[in-house]
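Each of the next two complexes has chain A plus one other chain: chain B in the first, chain C in the second.
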Partner chain A sequence: HLAASLPLPSERDHLRPRIDLVVFMIDIKSKYSLKNVETSLAHVDASFFLGKVCFLVTGVGRVNACSIETNAICKLGKAYCSPVLFCELELEGIRVATAQRLLRMLQICAGHIPGVSALSFVSLMRNSDDD
Partner chain B sequence: MDENVAEYIRRTVLKIPRDEIKMMLQKWGFLSEAQLQTLNFYQIKDNISQEVVHLCEENSADIKQAAVLDIIYNHIYQDKRIWSVYQMKKSGEELEYFDITDFKKKFKRRIRSALKNVTITFKEYKDNAIWIRVAWGTPQKKPNQYKPTYVVYHSQTPYVFISASVLKSNMPLLCQALIVASNYHDIREMELRSHSLNSLKDIVFKRYSQNFQTYTTKPLQGGNVEPENADIRIVQENRSEKERIYRVNQEVFGSGPQPKLEFAQYRLETMFKSDPKMDVLDKKEPFRCLVKFSSPHLLESLKSLAPAGMADAPLSPLLTCIPHKARNYFKIREKKGLFPESFVSP
Partner chain C sequence: LFPPPGQESVDPQKTAFLLRKAWTLYSVTPLYRFRRARLRDYARLLSAFIAAEKQKGLAVEVGVELDIKVALSSLAELRGSELDQAALLVQLSSRSRASSRNSEDKLVWSGWFCSVFGDDLSENLPEDFTSLPLFLSHGAESYTALVGSWFQKTFDCCFRRLAISPQNLSWMVAMWAGCKLDRAASAVELVFSVPRLAQPLDISYAIHPEDAKALWDTVQKTPGEITQEEVDVFMDCLYAHFHRHFKIHLSAAKLVKVSTAVASAHCDGIVKILHSQYLPGVLMLLTELAISQIQ
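The block that comes next holds the complex of A and B.
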């Protein structure tokens, strides 16, 4: 399901299946994109932040057009305990690889992989520096 | 043949891209077909231009013919220049029959009565456009052929398109000559400038597709707004909002291609509105500021802002009024009175 922002329109509530993973896409070329994601985060239930939320930063290939500091995004990821992925949609190889990563994450979040749950992402996020 | 004319022809030919030279010389018609056959268009341009000058010498070309070649080049490469639009006003409602010979005679006479050293050349095109090229001199100096002014006039309309040379001091004389020759009594410069002459014509002649207000309260149940959404596994959550944006955008911009403008400029003479506690220029004097939007195709990019999610729909009327008001230079001043909002000066 693709949405431009949260909250989702209520008229489609009855048509929506269970949500297993929320990917927030941030276009590194647009400050508006980051702002939009920050406002939308407020509408996500706290239980999602146990591994079912991920940030996807796009447009990183165009180094000259970056409007957002990667620092700011990493801080966001830390604050919400969610992984941050970087990709460049204009390159087919990276696009396909990113899609495969997201699909793998989704399988885990939906419970399709025995022995691994979404909570694993949270523990994998911890840096050795943090301790 | 005058060596200045020879040099001018040589430089004009050098401007033309190599594979277009033959076509332009044929359009010019000054050299015979037999002479054109003797030219080798596969050598370097330097040599081609030398050969062309040589042939022109055989035919004793003068500045008049050279000027025609220049008009032909500028007619094909009209988008290299910046064009301004001028509007003429008639005193009465009389419909006078337009006589091209009379127009040319009056125009030349008016200019020559003030300035002897000028080169004036006319060329008529099929779409009723009269192209006028004027090279200006001074009482002491011969006309500068390298900085001419070009004027495009459609005789059935009150509009004149001028691409001025840097010698702006000749503009009043040019304007006078135009109104005298075309039997109007006044001329004023519109706040409309662009590289694309055709787009300027589209705007003032109202040839672009205009929106018509539709008063349906319910959005029309049309077909799929985004034809590329072929994969049924992708669900668009904000479909109704996307459709609203698309519909509003279509209403404002129309569904056809937009005229091509490269910039819009807004000169603000409004008061700086800040928190009164901050005491920053608060309502003491106008905050002068210039806002300029530039783009290879400004109106198309404005049209795509809302669908791309970069702006809210509908866009500010200051941006969307550009084709209707036929202007892309605005002065915005404070509106004094009931509503403390800024308004656009006429």
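The block that comes next holds the complex of A and C.
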């Protein structure tokens, strides 16, 4: 399901299937997309941040069109304990690889992979310095 | 990130030729075995190279036969600190063979290499390398290509067009809008290009220079220092103001050009410096961009 921002319209709540993973897409060429994501984050229930949220940054191939500082995005990822993936949608190879990664993450979040749960993402996020 | 206070101002006479011209920017990797003492030799060699290329049919001017004269000179004043190399100026002038011997040479192309506080690159260089990471050219692209290829062949260096990202343009407009100017300044202008439309659309946002400076003064906490957060707040205020009036999110568009009374810059790597007082500051920022493109 694709949405331009959160919250999702409440009229369709009863028809919506369970949400297993929320991917926030940030276009590195658009500051507006970062602002939009930041406002939408407030509408996500805290339980999602146990491995069911990730940030996908697109457009990283074009360094010269960058409008957002990557530091700011990494800080966001850290603040919300969620992984940040970088990709370039214009390159087919990377597009396909990213889609496969997201699919894998979704399978884990939906509980389809025995022995691995969404909580594993959270422990992988921990900095080695923290130990 | 600002030139230190008490920076000797560069002699305005010597640098007047730099102002109010649109310079195309390049980053240049360090020059190998460049000798400052051999400038006259280099000028001769470059002149011969250009003549030879013209013989080959790479004519740069159609019609009138032109002799191209090359002059190389050092500009000791154009540098940030003693650690920087003095700037190197290359000028191509022409004298038409048809006109009288007394006719003056006409400057047809100029380009200059410089380094202003470029220590990041120069400090770890092996001997025999000269660091002049920023190159600015003004004149026909064909001459730029000729001069560039001679330098690349002779000093084993590499030229690359220097593009300026919207993020860096934001830094520039914040820095320059905040500069104190004694004369009446021109408007601060930001030009945005709107992506993904059938017809390309450009939005020009002009702000009264005093308003822009007043805004920057409320945002900047420490004079002489600028942080990314301050630049973000400054830009967000401008975006919010525009949105309030026009319901358009400029933050979703691409910032392509910024223009202030100090200087203007375009994302394709073209700058115009308008004020000699801030020349070192502008060059320092451009040197930094050139170095980060090289590294």
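The working rule: the second predicted complex is superposed on the first by the 130 of 131 C-alpha atoms of A that agree within 3 Å, B and C clash if a C-alpha of one lies under 4 Å from a C-alpha of the other, contacts with A are read in each partner's own complex, and residues count from 1 in each chain.
As a convention for this text, a contact is a pair of C-beta atoms (placed from the backbone, for glycine too) under 8 Å apart; a residue touches a chain by one contact, two chains touch by 3 or more.
Everything numeric in this text was worked out from a predicted model, so none of it was measured.
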Taking the superposition as given, does A:Ser120 touch the first partner, chain B, the second, chain C, both, or neither?
-> neither
State whether A:Gln100 touches chain B only (first), chain C only (second), both chains, or neither.
-> neither
Can A:Lys29 be said to touch chain B (first), chain C (second), both, or neither?
-> second
With the two complexes superposed on chain A, say which partner A:Leu2 touches: chain B (first), chain C (second), both, or neither.
-> first
Which partner, chain B or chain C, touches the larger number of chain A residues?
-> C
Using the touch definition from the top, say if A:Thr39 reaches chain B (first), chain C (second), both or neither.
-> neither
In the superposed arrangement, which partner chain does A:Ser67 touch: chain B (first), chain C (second), both, or neither?
-> second
Jot down the residues of chain A that show up as touching in both complexes, chain B in one and chain C in the other.
-> 30, 32
Where on chain A is chain C touching in the complex?
-> 29-33, 35, 63-69, 71-72
Within their complex, chain A touches chain B through residues 1-5, 8-9, 11-12, 30, 32
Within the complex, which stretch of chain C touches chain A?
-> 163-167, 170, 195, 228, 235, 239, 249, 251-255, 267
Touching chain A in the complex: which residues of chain B?
-> 234-238, 240-242, 309-310
